[in-house]
Every structure is written in structure tokens, then in C-alpha cells.
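One chain, subunit A, links the two complexes that follow: it is found with subunit B in the first and with subunit C in the second.
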Partner chain A sequence: MSGSNGFEPKIVAFVCNWCTYLGADLAGTSRLEYPPNVRILRLPCTGRIDTNLVVKAVEGGADAVLVSGCHPGDCHYNAGNYHARRRWMLFRELLDVLGFDMRRIHFTWISAAEGRKFQHVISEITEQTRALGPWRAYEAKAEIDHRGGLVGQAVSPATGRAGPAPALQAPAPLAEQELRDLARRLLGAGDVKVVIGYGAAGPVFVTKAADVERLVWNEGCQANLTTYLKRKEVRALGKPAVVVKGCDERSLVVLEKESQIRREDVRVIGMACDGMGQEKCAACDTHEPRFADERVGKAGGQGGKPAARYAAVEAILAKTPEERLAFWSAEFDRCLKCYACRQVCPMCYCERCIADKNRPQAIDTSPHRKGNFAWHIARAMHLAGRCVGCDECTRACPAGIDLRLLNLTLARAAETQFGYRAGMDPAAEPPIGAYSLQDKEEFIR
Partner chain B sequence: MSARISREDLRKLVAEWLAAGKKVFGPVRVKAGLELYAPLDSAEALLLDGWIRPANSIKELVFPRHEALYGYRILKNRVELVDLAAEIPEQIAIGAHPCDAAALAALDKVFNWDYRDEFYNRRRAATTVITMACAAHDDQCFCTSVGLGPEAERGSDALLHERDGGYEVRAISEKGRILLGGLAGETACPTAQTSGANTPPRRFDSAQVAAFAKEHFEDPYWAERALACLGCGACTFTCPACHCFDMVDEGNGREGVRARNWDACQFPMFTLHASGHNPRANQGARQRQRIYHKFVMYPDKFGEVLCTGCGNCSRNCPVGLGVLPAATEIGNG
Partner chain C sequence: MSRIGVFVCWCGENIARTVDVDQVAEACGEMPGVRCAQNYKYMCADPGQAMIREKIASERLDAVVVASCSPHMHLKTFRRAAAAAGLNPYRLEMANIREQCSWVHHDKDRATEKAIGIVRTAVAKVRYNHALSPIRVPMTRRAMVIGGGVAGIQAALDIADAGYEVVLVEREPSIGGKMAGLSETFPTLDCSQCILTPRMVEAGQHPRIKLYTYSELESVSGFVGNFEATIRKKTRYVDMAKCTGCGECQKICPLKRNPSEFDFGMGMRPAIFMPFPQAVPARPVIDKKVCAKIVRNGCGLCEKKCAPGAINFKDQDELATERVGAIVVATGYKLYSIGREQPSAKTTGYGEYGYGKYKDVIDSLQFERLISASGPTNGELKRPSDGKIPQSVVFIACVGSRDNAKGLPYCSKICCMYTAKHTMLYKHKVHSGEAHVFYMDIRAGGKGYDEFVRRAIEKDGAKYYRGRVSKITEENGKLIVRGADTLAGVPVTVETDLVVLASAMRPADGVERLAQKLNIGCDEFGFLMESHPKLRPVETNTAGVYVCGACQAPKDIPESVAQASAAASKVMISFSASELTREPEIARIDEQTCAACFACERTCPYHAIERVELRARNGDLIKRAARVNQGLCMGCGTCVSVCPSKSADSEGFTEEEVYAMVEALA
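Now for the complex of A and B:
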């Protein structure tokens, strides 16, 4: 059975309890022979299979991974397999951009009656994987010095993409005075207890009408201040007004949808914006706030190329998977695990992040390549269909990791597959947590 | 007397070190707007100018962000420990700034105080630091406020001063003398500047910062200052002098490693007890801790401030905090 070099692939199969596991059982009781290369892990439902489990399998040296559950319409829990299918539609695009070998990631529907299909699938995957050879994914390639000798890969000046796009035009028309007057009025009338706004050297929390001069509006107002709405120290100040740009405003839509804020508990001050000189600004189509209670200023020209918002994803997809993996390895090797990306994110509001859970340790805390891949994959997936593209993670990262490219990948997947853009339409159904019988499944056999 | 080396010869020297199998660590431009200290793969990658200071520090050479201390194997009735000790290759930091080098001197004290940390010390012993005196500063630099300066020698094995398109070289320690041999002079650079374009103004008085921190431990100032703080570790991880770490076991049911990773006082988990109690219950207490450690606790024990004024915490803070904004407020009486 083994190849000429003696290589025997290890295949990890995550299967559901009700269909595929019984299918495997039937194969056994029917005396149908299939290769012993597969390690079966039984879970209640494919809907329960966390994408992190796939990462764990890869870390553990799997040469191929199989996820298998009930046929559409067959799920013991009615719709678990539909949820899994949808999650995989997004997850596969992420893995592809990361440069994973997609020939080693399989998804099948196998019912309890299909012992023969199970036999065929396992035999085929085993043969195919044997031909591919061992999976030299990031861990195998990493040559991580567990003694900590290297500080990431040596980086050459040539790596990395071009820097941020230049500002589209001059900073937005100065609406600073109008903003201050508005803040003075809101605080004076007692409508709000605090105005969360931009100051000369970072966010400021203005609680007295006399202090509104601390508020500024200039080309340095890049932060997405809605992230403070979740912080308990800020919540303790009382009802807030928050200064947002059209892009930041999108996070309010998602936060409300996810029951993290009540819209009536927040006064939203929307600033018209012509761009802050960041990469995202070049493709902006939210120069004007749309849902704000108060609006300040008027955006000048529109400019920018919204249609080109996923150009960076398409550029990396033009590279080979090996080049992509090398690119991300170099990017992630710089990660310090400072979690600035998580902390700054308005959408990261879990009381305890999966990265901080250690019973069991879902994600290695170590900032080595393995731990960094696991972390960034988990972070991106947790933001799938939720990230509004404010790029705060990228701005906050002290190591300059191109995190926006991961978020854009999933935003692109959500838009192309489900016509969904997070935070654009309060009435739209988010892609994760919903499903459609029409969801594509050309990757499932 | 001091000696001179041209820029070309400096690169040649780096190339020789690399060819000899030494690990050379220096500033490189990773992408537009991002300079980091990183292992050089060629002498050309060494960035000699066009930057104020990299976003990280050279502490990674002696105190890596992740370091496996020993391995373990689980046998039938016992656990076997596996020694991972390996030869640390000779490593050279070139182009470090005085604020990086001085931090190594501070780390030396911490890692040799009540316990001699063998992992730190073997890396330290293998490391030679060739510092480049600063030619410029930005508005985040404040070395002069913490007793250092753009040409300070503390922690350096040799010092380069940029002069007339080349460098004046001066050995400071035996290590520097051995590495540079006849290239280096012995005396202070005759044209050394003590003030000028490279010297940031004194922005605060560190004794006043210490006094405020001691006398206003419970002051609401800390909570107000910390309102914008997101609780990430960008400040501590890019700080040349911060040195807290966490211990983790990583492996499977059969074998693994015990490793230490950087940890940060700004994380709520840093002080969380198993009981659920957290003695530093809010971000204000955590911000205060960072200032207090640097300006009170460490000086009380070791007689110097645990901050070299590099400004990395503020440059890397996504919300404009860090030592400097706080110290300017509380250290200017």
C-alpha cells in the first residue's frame, strides 16, 4: 500500500455523529475495506466543527483533512450541515489566500446508508494525498527555532506591499468648530454625559461643556472610536455621544445587530470625510455618514474607486499558493502577540477571547509561527461577515502585519457569495448564523 | 584615539561577519514606513539612515519573545526532562541606538538579581552591541529626561558616530575591542556633541514622576489617563526595557516544551488570580503599574530608571498613550 518512499499519509476526518460516522460504521460491518490512514473524530454535527479544529489537525501533522456530514435535508438538527456549508464557503477562501494546499482539504456529505461512499472517499483521498506527499504546511516549513533564536524570518527590504495610499485630496473640510459647538450643546443640555471624540494626541472623553475645545477634526482622525462603546470604564461615564466617520458608522450597525449596543443609548455624531490617507480610503464609498443622529460637514469630491476595494486580494491570489504561504509566514513571523489587533477592534467584544482560554488551550499563546497562524486564522474567521473594514487592526499593529488583507478576503467572500457587506444595510441578514438552500457546494462531494 | 570607518567599509565588515556565520541584527526597512531590528540576510539590508528608530528593540536578541526552556517526554511512570541547551551563535547588534543599548544594562540587573537566569545570560554573553549615536530625534524621543542622551554609552560595546559621510568608531568594552580589533579607537569622539539636532529637549523630571506616582497612588488621575487605553501589549512588547514573561507548556499527551513568552502588565489576564480576583482590576491600575514600575519600583531596587526614553511605547500606541504623555503631565510639577 505504501508509496515507494514509504510515505503513509495521515488523514484526519471530522465527521458528524448521525450520518458520516454511521456510514463509516456501516462500511466496517459490511466488510468494506478502506485504508487505515484515516483518523476519525466524531462530533455531534458538522455545524459544530470549529474551523480551529482544522488548524489543529494541520498543526498536528495531518496530510489531509476531511469534514463530512449529512446530506442537505438530512441533518439530525435540521440545519447544522447548512451552517457548516456556509462557514466553509468563507473558510476555504481564507485558507486559499493564506496559501494552504486546497487539494488536501475535503468536504463530503455521506449518509448513514452510504458505507460504500465512505469507502470510496477515504480510498480516493488516501491515494490522492499519497501522490501529493507529506503536507509541508507552514509548520513543516517554519523551521521555528524553539529556542527562540530567530526573531522571525530575516526580512529583506523588498518584501511587503507598497505603503498606504496617499490621501485622496486635502483633509476633509474643517468642520471642527461645528463639532465643538454641537458637543457643547449636547453636554450642556445633559443629553449625553460624555462625548467620545478625537483629540490632538488620541481619543478624548469630554465630559464637560467647557472642555469641548479638546475635540479636533483633522487628517489624523483615523481611529474608529466605536470600539470604546464596549469598554466598561467608558460605559461607566454615562450616556455617550460618539464621533464617527462614514466607515466607522458601519460598526454601529453590526454592534446593534449583535445586541451589543442599543441604538437609542448612543448619540452618534457623523462626520463627513474625504479620506484620512489610509489604504481603505482609496476605495471608500461611505464618505457621508448615513445613520448618524447629528451630521457635521459635507464631503467634498467623492473620488476613490469603490469597485477596486478587493484589488489587494486579487493581487495576492495571482501569486502561487507557495508564494502566498511564504508571504504570510513572513508577515506572521513578525507578530508579537500583543493583541493590539483584537483590542482595537470594535467587533472583538468577547468577555474572554478564545486566545485567552487555556482549558484546553485552543490557540498556542506563543508568538511562534504555529501560534501566530492559529491566532490570525481564528481572528479572521471570528470576523467573517462581521468586519466592517475600518482597518484599525492594521493601523494598530506595531509589526505592520497586513491584517486588512485577511479581513478583505472574507469581506470579498461574503460579498461575492452572499451579496453581503457588513454594516451597510441594517436590514440585511448576516452570512454567519443564517443559511440558504441555494448556497453553493461545488467543493462538496 | 578614535578611528574612522567609511560606510562602504562598515557594510564590508557586516558582510564579513555574516560570512563567518555570525548572526547580525540591525535596522531594516520591512515595508514603507516600517523599520525593525531584524536578522540581516545581507549587508545591503542594513539601513544606515532615513529613520529615527525601529518599532521594536534589540532586547529580542537576549530575551526573545518566545523561548523554549526545556523539553519533556511523558513516559510510562515518569516525566523525562529534555535539555534543549544549544550553542548560541555569536550575535552582533549593529546600528542599535543608545536607548536600546542602555536597556540591556537594565535587563542585566533584573536577570541577575535574586537568580541568575541562565537563558538570558548565555544570550547576553554571546551578544556584542555596536551602537550608533543618534543623528536626529523626533518629538517622541526623551532620553535626556531619563538620564541618557543621543551619545550615551551605557550597555554599548562600541559606539559609532556619524561624521562626514563615515563613522568614528570607539570601543567601549573588551567585547567591542575584540570584535572590532584595530578598527576602533579608544578615546571619546573629539567632535562628540552633547547638544544639538540629535538631542531631544528635557521633557520632564523623572524624580517628579516618581514622586507623583508614590504620593498619588490612589489618584483618579490614573483612571482618567487610561480611559483611552485599549489594554493591548504594544507598549510593553516594543519597549527595550520591559521584561515580564509568562510560562507555558506546549505539546501533546506525549511530549512538549516548557517555554517562556513575553507578557504584559496591560493585559487583564496578567494579574488575574485563579480565584477570579484581580488585584489590578481596571486599566487605570494597569497604566499606573507601568509608570510605577519604571519610575519607582525599579529605581528603588537598582538605582536607575527602567526607561531609556526611546519613545517606542508612544509611537506604537494606537491611541496616543505611553510613558511620555503621562510623564509630561505628572513630571513637570
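Now for the complex of A and C:
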């Protein structure tokens, strides 16, 4: 920037066409001067302002970002700003956990009559950002970390230990036999064409009653098999029965809500489970399946501690933003962009993922830090209010990135802000796509 | 490679004083895809527009950026100019370097630098702008009016007189609404029925108005220009075609003591009845809750007596469908039911006024019937309890209105006027009588309104007390009204024969359900929401659905009629062409990549997302997908944000365009 020897921040303002853009116009017609550091991007509505755009602006070197629209009740499109508000509520929590500098991300409601407010907001943000200095969001010094490549061995920031540890309750051997008998009966009667279950080494797709011995039920049955329901080759086999634990079952609720499966098209075999020794099992409150058509076994009643559900998030929030950013920089620096997290996720069923779309290139494909942050933010946001916490992404990640923590962050936000837990109550309304007039907006000025 | 032309405006001195326009044009000339960049003193003036047109032709430009004022100012102007030169108007963008640059900065270097940045984003965007054409939606030039009160009748007649067919749906057995029951109207005291009934007859006989009385809207599908309405015709037990309206059935019906809905319980009617003599259509209905034939298969006298054989006890509800292009909602109001209805759990209503407990405490619409020449007492004012002519009447204003603690916070607007009217009508009938009015404020804004109130006080001698009534009790056939006169600062006790409560106006029953069917909004009190309180007072947020009359807010007859004509004129504007032209800057969904999660459907404020099944030629289902209804989408783009695969995109602000802008900032 010319005209000044000091640092001149770059402020990017995403504004709606009907209120804040006109408010900025009014500032102009009223000749209300403000610093020229702001670049205003006009979109039809705050509802249109996608979180990816904010990430892109930060990647592009914005030192602060402003999102601004119509006051509640004034939206030109009735409710676009309410939908936006909800999205920002979740997005902010994610950015906070990632260690992004929240002093640089601003939300305001500025009406077409508030030229003066526009002037003040821009002046204040510019001053504040000038004092903060350039935003080096992607230049954090990554914590030295050589643990990459340990499958399922993500380090919990809560405990600092690598890998899961809880004592394992050996599943009842009776349950395995019961499961095989059930599968034999279902396949024999022709009720289902394939039983998707756990095998000795990965999933098995049993299509003949004679093959039911391939099914196992032991402490290794960690995978969430519902992810296979979306696979074309599995669908081609005919009506499936799928073996689920109480936790996996939640994904079926979400998938049904999102019109991906019809409940009557899937036979659900619910396994009572006392835990598979995973981190999530410590806080499990779904030992018994609740919606399954068939039930096998009975849980020993080793209830988890739901209070500890989000302990990992709270632990990382106890660190400073700089430490958080350094932590995630180290995590994401290991990302290979292999998309195993996407492939294994039962909720990632798009035919064309946004990461594979290159017009426009919302997410850089090469595995450098910016692109990695963009991918993991987009993935987490896509799972906001949808992730059932099966932790398959974390288990599948060959780089051992603590993806679970990202998902937990948004699950925690959805539960604390909207009282919603994905897949728990089929009648509950998911937080994204709905809004409430009572939604909190203390972060919006 | 694009061939973009950039035109930098000086806006006289407005831009050129703070922004070095030469430097901006020069910098633009070097931006990728820019073919030519020029500046001119007044781009919006004829020579400026001519320059743009000339360059589009000579340089074969395929996109244009005009760097000047706000797009809210001149985007249409420049897009027209581009279209005149053969360029698709949506391939023109504006860069706002006046309102958002030259007018708010004074450091010329930095303003110039910012202006170049602004133009750079516009240039980056315009490369990706799609050539769009306006969306055309077929228009069924036929309207439906819901509610046959004075507003609905006015709207229906206006639209029908303009040459279009109208379907008028009324849930009561006759059109006429509340106005048909009023005695006389302020401020002229002309008789309500004298002015309304000719309009009712006109509507009933109009060759282009199809009446559905005793009918309710069951459901509506479709969108502007293409609504399909299902109307439930409630069981009447009378064959409308055969009946001649002779009235013999009403005479012979032995069950004559049923409270009349039309008289608000002040009079009685038989089990088979026309609500009032001038009803349109002049056809009776049978009240199935009391008719002896229907209740216990007795009686049946009317059936025997009816010469044309119009009585049909086997009658059943019928569903009719009507295709219409526009819908006018005119469902009117009801009165706040004092003491029996609490707007919220916190409020207590007005139990202390004894409405429902003392027969001689009535509401204003009941009073209208008592003094109406066609009312149950034929215009003689007799009080309900003993039929005596009241020698004193107390009128209490704001019962429910403007009372957050017990009722509703809003002003019902008409009560001050009709209360003044009531005192006059009373005094004209009972010359020696005393009219007392307890009021909070007199709100008499309107042509001849304040004069009217003054006349009631000064000429007809109504006694006005500024204050509230705290309690009404009954003693020896008299009502004791205890209140305060806050201007005099004294408590007031009036011994009276009749009390009339001016209770608040509320939206008619069922309006919230109707609003849901039509996808229009209600405010917290249930009044229907207009699209904009000032500039779009009769439009709603659903294209093709309009509101008028007291369903939108409390209002009097002149205002209702004016609003009805306004709604009718909006309907007629939309009917002026056989196709509706809509802005093409709306959402679209790539059905190939859509994963059919329908997040967009839940989010869309306009219910513009449809579920479609894509099928192969042999009928096999290939996939399901979401599709945007072009008649409903308003282009907010909220669907784009929630679409995980970005299969949804919004024209005018596509993902490519928006990312290009963000990237141009770097």
C-alpha cells in the first residue's frame, strides 16, 4: 500500500446486496469517510455467503474478514440471514478450536439506513487490524511431530497419549453364534440378499446362508459398516442387512433423514456392545441399539460418561490460540490429501465431492498447508450437525490426524447451542437448514 | 480469451476529483482479458452510453465492466445499453468506485489504488458471467379471492370488471362478511347494507365471478401464474340449482331457537336458514349440528315442504379444483373474545367486565346487530336481558387493544370511530338516553373523522371520560360501572342499562393454517405479513399471493376497499401478459451431481425446491435430485451455501464468479 510507511491491513467484507451494500452506498452519498482498506464483495444475501469463501479470503491474504447483512427480521429473502447466523455460530467454534485469530473475523448487521454504522465498523476493524499486524494464519510454526503414519493412533490433546487405552470388555462369544444364526435365517428366508458384517479381516458381504461362518463378533469390530450402504457395488447385490452397534446405528438415522436410504430397504441387525476400546467408547451412551430390526446380545451396562464426551475439545480450548494453531498446523501438515477420511465416512456420499470440483477450485488439491486447512474446514463444516461420531475418519487416516477432535468440536457446538445430537432422535430437526429467532448472536454487532 | 471492455466514469468531478481515472483506465487495460479500457466524463449520459455501444460493436466485446456508481443506481441503465448493442445484458458488471470509493476517501493515491482493485474484482467476475435470458412462466389469467367480505368483494369485482375470471371463496353461507351486519357506517352514517348489498348482488351475478360459498380452501399447489387450488364445498344439504330461495323451509322448520351466527347470538334462527334476508346466494343451509333429521333421523318437514325438491339429506362435502394465476387473501377479522380467550398464558383477559356473565354486557358487533334496522329487534334497541329500552349505555373503548398486560399491544384503529358512531346511533334512537364513553385516547385520523367524534360529543351529547373501567357489577337489574376520569382526577361510577365493549380486532380464525397453505407469513398476532410495509403493502413474500383488508392489520372500510383495489390492480398487472417475466438471476441445480440430500429443500425460504426422479427411457429410476422451481425462486442463494457438493449455484453470483472475485483480491 502506498501513502503510508506502516502496515496497511487488507479487509475483505462480504455483504448482502440489500442492506449492508446499500448501507455502504449511503455512507458514500453521505460522504462519511473511512479507511480505504476494505474491499466490498456484493452477494445477494448473507445466506449465500458460504464459509468456504471466508477461508478463501484468508488464504488470499486478508488480514480481517467482515460478513454483514440485514438485521434480523429485515432480510430481503425472509430468512437468509437467520440461516447464515446459524452457520456462523458453528463456524466460529470451529475456527476457534483451530486457533484462528477470532479478533479478525467480524459479523455485523448493517441496514441500508446505517451508513454511519458502516463507517464506524470499517474504521474500527481497520484500526484494530492495523494494531494486530498482518494475519499469518498459515505461517504458524508447526509442532515437531514425527508420529505420522500410525493408523488409528491419533494423539489426544486431552491426554497427550497416543492411541486408545480403555480396558476392553471381551464381547460375549454367544453373541457371535446368535449373529450367525440370525444371518443364516435372514439369507435362507430370502428376506435379505446380503449381510454386511464384520469378518476376520475387514468387512464381509455374505450372500449365501452357507457362508455365515465368515461373520465374526469380537473386540476388533470397530468399523461403522453403514458406509457400505452407499456403495454402488453393494447396492447391486440386493436388499442388505447391516450389522451395527448402537453408535453406528445413528448414521442410519441421519442417512434416512437425508433421503439416502429408506429404512424399509435395509434390515438392521443391532449388536449390543460394551465398547470396542476406542476413545469414543469411554463416553458412549448407546451400548444398546435402539432402532434395529433384529437385536443380538445384551450390553453389560458399562455406561460411559457422557459428561466426558467433549473433554478433548475442552482440553484443546484450554491452550492458547497460538498453541492450537501450531497443533493443527502440525496435524494438517501430515495430510496427504488421500481423502480416506471422506471415503470411509458414512455421511460423505456426494457423487462429486467439492474437493474434486475445479470450477471453481474452492479447495486446493495439492497437499500444502492452505489447501489442507481448507479441506479439513470444509469437511468439518459439511459434517456439522450430521457427524455421528463413529470416528472412522480418524481410524482410516494414514497420517494419524486427530480428525475426531474437529468433528467433536462441531458436535459439541450443535449440542450446546441447539440441543442437537446427530442421529439420536429421528424427529429432531438438524441445526443446519433450520433456524430459530432465538439463536444467539452475541458475536454479531 | 475474453474480450472485455472497461469504461471508467468520471461522474463529472465526483469520481475524478479523488480517483485518477486515467490511471485506473490504464491499469485496467493490462488486466487479463481486457480488450479496451476508456474513461469518460459521464458514462450514464447519452454520449457515454453511445461510447459503450460503439465499442461493443467495433471491438467485438463479449463482456463489459462499467466503473462508476453503485449498481443499485445504474446497473439497469448500462445493461439496457449493452443489450441495445447486442451484448447479453448479464455480461455487464459494474464496479462501484463512487459511493464505495471516491466519496468516502480523500487520499487520491490510495483511492485510485482501491478503485483499481474494485475494477479488478469486477473484471475477474464478468469473465464468468453467464449470458442469461429472462425466465418466462406461463400465466393463468384467472384469480382466486379468499374471503367474501367487503375487501374480497371489491377485489373480485375489480378483477372481474377488468375482464378476468375470478373464483371467490367464502366459508360462510353468504358473502358480505362483517360489513353486511353493520348498522350504519362512520363518518357518513350511511346504511351499511344499502351500500354493500348491491355490490354483493353484483358479485353474485357477475358473469366472470364464480362463487364458492360455504366453502374453504383445502390446499394449494403450484406457484405464481400456475396455482392449483382445491376447495372444499361444505355440505349444505340444499341443492343450489333446484332451490329458488323461497324461504318456505325456514318457516316450517320447528327448531327455530338456535343462536344466529350472523346476529352474534343476539337473535335466533331455524335449523335450516339463510343467514340474513339479502344473502348472496339467496340459498339456505342446514345446520347439521341441530337439524333433527340429521341428528336423529326425525322431522324432515322441510324436505316434504320444498316444492322444487331441493333438500338433499344425502349431500356430502365436495372437493373442487380451480387453476388460478394469482390469489388474493381477504379473510378479515374477528373480535377478541373477552374473558374467554387469552392471547397469552400470562394475560388474564377481562373477567371483571362480566362479559358472558351479565347478559347486558355485549361487544360492539352485537351492538351493531341490536341497532340495525334488519337486526333481530328490527332496529328497536332492546337490551338482551329483559327487552327494555336502555336509558343509559356505557361504551368502553380499548378492551383488549393497547393492553399488553391483559390483551394485545396494538391499536385496533376503528374502535374510537365506531364507538362515537354507536353513541350517535343510540342517541338518535333514544333521545332521552345517556351515552357514556370510557376511552384511553381518541384516535380519529381520517377524512371527516375528528369532526365526527366532535359531533358525537358536542351535538349529540355523549359523555366521554378519559380513563379505564375497573369493574362492572350487576345490582337490581342495573349494571354498575366503576371507572376513573383521569382528566378530572375523580373516580366515576355509572349506573347503566347496557355496556358495550369495543373489543380488539383479531385475525379471523384459521388464518395461520391458511397462511401455511399459501406459504405466506403471519406476524406474532396472526395478521398476515405484507412484503414491505411501505412499498409492497399488498404483496406477500410468495409471488402471486396478495393480501388486503383486515386480515393484514386492523383497518376500516375505506382502507379495506382501497387496499382491495390495490391488490386487484397488482393482480391485473400480472395478468397483463400471457407470460410472466422473471429475473433470471436465480438458483439452479446440477441434477447430475446432486446427491439428493435435500438440504436445500429444508433451507429454501420460498419452498422453491422440488424433488424429481430422473428416469431412463425404459422408465427405470436413475437417480433422484433436487430441482429449482423457476416460478418460486427469488435468487437468495441460501441453497448454495448448504449444498455440500455445490450442485446448487446461483446465477448472477455463481461459485465461479464469486471465487474469481475473492481470488482477484489476493
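By definition in this document, the second predicted complex is superposed on the first by the 408 of 445 C-alpha atoms of A that agree within 3 Å, B and C clash if a C-alpha of one lies under 4 Å from a C-alpha of the other, contacts with A are read in each partner's own complex, and residues count from 1 in each chain.
Assume a residue touches a chain if its C-beta (ideal position, glycine included) is under 8 Å from a C-beta of that chain, and two chains touch if they have at least 3 such contacts.
Just so we're clear, the structure is a prediction, and the values are computed from it rather than from any experiment.
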Subunit B versus subunit C as contact partner of A:Lys337, first or second or both or neither: first
Touched partner set for A:Ser123, first subunit B, second subunit C, both or neither: neither
Subunit B versus subunit C as contact partner of A:Gly60, first or second or both or neither: both
Which of subunit B and subunit C A:Gln417 touches, first, second, both or neither: neither
Contact breadth on subunit A, by residue count: subunit C or subunit B: C
Touching partner for A:Val12 - first (subunit B), second (subunit C), both, neither: second
Touched partner set for A:Ala223, first subunit B, second subunit C, both or neither: first
Contacts of A:Ile40 with subunit B and subunit C, given as first, second, both or neither: second
Touched partner set for A:Glu233, first subunit B, second subunit C, both or neither: first
Common ground on subunit A, meaning residues reached by subunit C in one complex and by subunit B in the other: 60, 361
Parts of subunit B lying in touch with subunit A, wherever the complex brings them together: 23, 25, 28-34, 36-42, 45, 47, 55-56, 60-61, 64-68, 84, 86, 88-89, 223, 226-228, 230-234, 236-238, 246, 248, 250, 252, 257, 259, 261-262, 264, 267, 269, 282-284, 316-321, 325
Parts of subunit A lying in touch with subunit C, wherever the complex brings them together: 1-3, 10, 12, 21-22, 24-25, 27-29, 31-36, 39-45, 47-51, 53, 56-57, 59-62, 76-80, 83-84, 87, 119, 258-260, 349-354, 357, 359-362, 382, 430, 432-434
Residues of subunit A defined as touching subunit B within the complex: 60, 146-152, 154-157, 159-164, 199, 201-205, 223, 227-228, 233-234, 334, 336-340, 342-344, 356, 361, 364-368, 371, 392, 395-396, 398-400
For the subunit C and subunit A complex, residues of the former touching the latter: 70-72, 96, 98-101, 103-107, 109-111, 113-114, 117-118, 121, 521, 541, 585, 592-599, 602-603, 605-606, 624, 634-638, 640-642, 644-647, 650, 652-653, 655-656, 658-663, 665-666
